[in-house]
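The following pair of complexes shares a single chain, chain A, combined with chain B in the former and chain C in the latter.
Let's look at the complex of A and B:
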């Protein structure tokens, strides 16, 4: 019984961590919620679908194309929208939310409102004792962990990564060290777009592709930021795993329809008892 | 003239924090701005780095700094140790210094040697998180970070604030060595006139946003009115 929850819960957590990281990074650096983050996820899913299932370009090339398209979308959103709003958090939150809704409308026009089912990345299932998990989820989780580890090395060990942390900790200290905050933000938005698109491919193959699919991952990402602590990427990773487990427990033990409900209740609980989050401090 | 500031004014909403201030810093000098709380010292140093909205002219080695973004001004060779340090408190000492090296990566090793030579305690405490350090250590990290970008001009805002006399001496020694042994030009903003008089070759007096006087340390010591309002009894006793 325990492993029936633990194994799928752990795998789902890896995917949730990838879903949340692009959102958390923007929050850490700019102290602003990118409410359009779900659009990066949806965009990645649809580009992959178009490339792999309609154009037949193959799974790996399609994965690369969709991720690169996500990077490009992140850069475009930063250059034409975010940069012009000059750090005004409310304006950015409202306009990114509108961006997500407009993206949803555009997807309905281009791809029709009906959901599309996706081929698994790798077909088949993995049996561990009497637990069955799809290879698709295994691939999604393992890739997520590898990408997250690479991202941690990048943020922890490189000059650009240190500059990203510097901007998130003390913007004035960063600029007087010669760091151009605009350039750091551009990098962050590009990374966020790419990570979101990648997460969207995995999420779409785990559930399905639909024009409203940006809302659920956005709630997961918001939950991760709130539970993990404002501005803490490491806390966010831990929170993603807590939330993944929690969802698996509620959907397996109580009712599958409750997916998402436990997460939202957790958001409210944390806001009441620990408003700074469980790991709240301004570190990356 | 290495740094030339002319008729610099800064408004914060309606209040005028700097009123047509003009200052020259000669290459190779230690210059200082002395002024009481709220005189506009930090505002002036921030303006050199392009951190606030100012009017007037600022040139560094004959290059116009106005309209340049801060990151470009830093790259021209200006280091800044600001008033509150603005350190990265969740990074350790070494990482703070490495961020300072962002624009000067080829010289990391030699600059680290320089900083550790000036402040040996930082070498021992490289892996300590800056948020857990003492005020004196943080001041050293702040100066060290500013040195990591190989500056030719160093701006230092109140390096002695809240520090013990012993640490003040260490900081003064480090600044003197940087100037005399490494040829670094330094501009210090201070309330502590006694500290500054022993250190700087040329001094400006700033009050309520205006430069109200200037001179060498000896000239200022000889001026009776200045003597009384700025150096009080303590100047005579030291």
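Let's look at the complex of A and C:
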């Protein structure tokens, strides 16, 4: 029973961390909730589907194309929406939410409202006793941990990374130091779009593609940010694992239909006990 | 009297207009059309199946000179968005704004239940092609005067379940030797209802023990923990009941190569688009399906309907109509045949009487294959010993020579083909465990 929880729970947590990181970054640096983040995830999944499954361009090229398309979408959203609404957090939140709804409508028009199942990135399964996990989920979790480690290094060791940290700590101070916050935000939105698209590929190949698939990852991302602490990548990583494990325990030991409820209860509990989250701070 | 050139021209035009006005086709067009309303979803495959089945039938009737003394049929539609409140509004719109004479429905259970009181109030003749909820038939049985204008031309779920018990006994227990199952079902009215029938009837009658029950949220997209739990229960097979996003458990069953067979009710697998929707990962899924199902041999008239359907809609989804597409097609024909004998849809009681007498039989190689007739008031179904007033005249007793079977069991194979595997009269294939099941 323990392995039935630990193995799938750990791998699911890795996927959740990948889903949440792009959302966390935008909130930490730009101080806005990108409620359209789920659309990046959905967009990545559908672009990969079109490229790999419909056009047959191969899994690796399709992965690169979908991730690049996510970066491009993130940049477009920033230039067209966010830059123009700069300083008005509520307007940004509403407009990003509308962006997600419009994207969903566009997906329905282009791909139909029917959900679609996707081929796994890596076919096959790993069996440990009675427990079965797909190689696809293993790859998703490992990729997630690699990406998160790379992100840590990028933010801590590179010039741009330090500039990102500076903007997340004090935008005005960063300007005085010669950093262009607009350029940093542009980079973050592009990065977030790419990470979201990448998460979308793994999520869609693990579960399914559907026009409404942006909602659930957004909830996961919000939950990870609240539980982990706003602005903390490490906190997000820990929170993703807490939520992933909690969902697996609930599904396996309590009742499968309460899976999402457990996450909601955790959010409420954290908001009451530690409003800033487990690792809450003001910067990345 | 001298007639000017312009007056001659005017007279000629007037004569032409008069002449053309007296031709038969123009008379038909001048008459008020008969208005048929569609109520149901515009976006779902099942909704589109009903719409298209009705459209083809209506166009054929119009092309043949119209109905009820040469009147054309006008087809209007109202979208329920698979929502109860929208469904009620849609019914009101059809009756109050479009003044429909007859309504054909592709509504899901809850939506039909929602607009049913409106139907009773407006007294509008209505035919349902999708919902199979026996509770609606019970309303007709118990409150006939109130709900007598309602007909359902799909076998109700109780009839479906009765035949499915036979599949459990004959195939799952006797042929495959299964003795235990995991009952995995979604937390919806449909899921709970079917699971109740399985638990109460299939398990005891087929001698199959339910080792574990797993109820899941209908929005679940990650079935890995559920399948792991099912496998660890040690059961011989999984009995899945899924009507919402049913291709997800089917495809994850394949992706995870779950080492025990899975059967049950998978609504997505009713349609020919299932294979594409699962990305070719639908193998092994077997499901009960109302008739006519995918993988089922067809009589000549139904085969011609499919030819026309494909010619008209090409590769647009659904590429092959769901069962309710056939039901809508034949439903329009039966409703208008009844109306022709009754002199129209009004007076209501005349149309109901003729609809109750309607009996459209379709034969294949000399055998009765499908039948669109209805159980009459007071008529008792011999096997269940109860009434199914205004439900389609199903037959749940082999050799099925008195009506359509209530359902068939369909299986999708690893090469992407599908076949009917039960009952034997309609079988085009055999029940197979997937290759990865040891």
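Heads up, the rule we're going with is that the second predicted complex is superposed on the first by the 281 of 284 C-alpha atoms of A that agree within 3 Å, B and C clash if a C-alpha of one lies under 4 Å from a C-alpha of the other, contacts with A are read in each partner's own complex, and residues count from 1 in each chain.
Keep this in mind: a residue touches a chain if its C-beta (ideal position, glycine included) is under 8 Å from a C-beta of that chain, and two chains touch if they have at least 3 such contacts.
Computed from a predicted structure; not experimentally measured.
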Partner chain(s) touched by A:78 [first = chain B, second = chain C, both, neither]: neither
Touched partner set for A:118, first chain B, second chain C, both or neither: second
Which superposed partner A:166 touches (first chain B, second chain C, both, neither): first
Chain B versus chain C as contact partner of A:176, first or second or both or neither: first
Chain B versus chain C, judged by how many residues of chain A each one touches: C
List of chain B residues in touch with chain A within their complex: 49, 51, 69-71, 74-75, 80, 82, 85-91, 95, 98-103, 105, 145-146, 148-149
Complex contact set, residues of chain A against chain B: 159, 162-163, 165-166, 169-170, 172-181, 281-283
Contact footprint of chain C on chain A as seen in their complex: 1, 4, 8, 12, 53, 108, 112-120, 123-125, 130-134, 136-137, 206-208, 210, 213, 216, 248, 251-252, 255-257, 259-260
Of all residues in chain C, those that touch chain A in their complex: 43-45, 187, 214-217, 219-222, 224-229, 231-232, 245, 247-248, 250-252, 255-259, 273, 276-282, 317
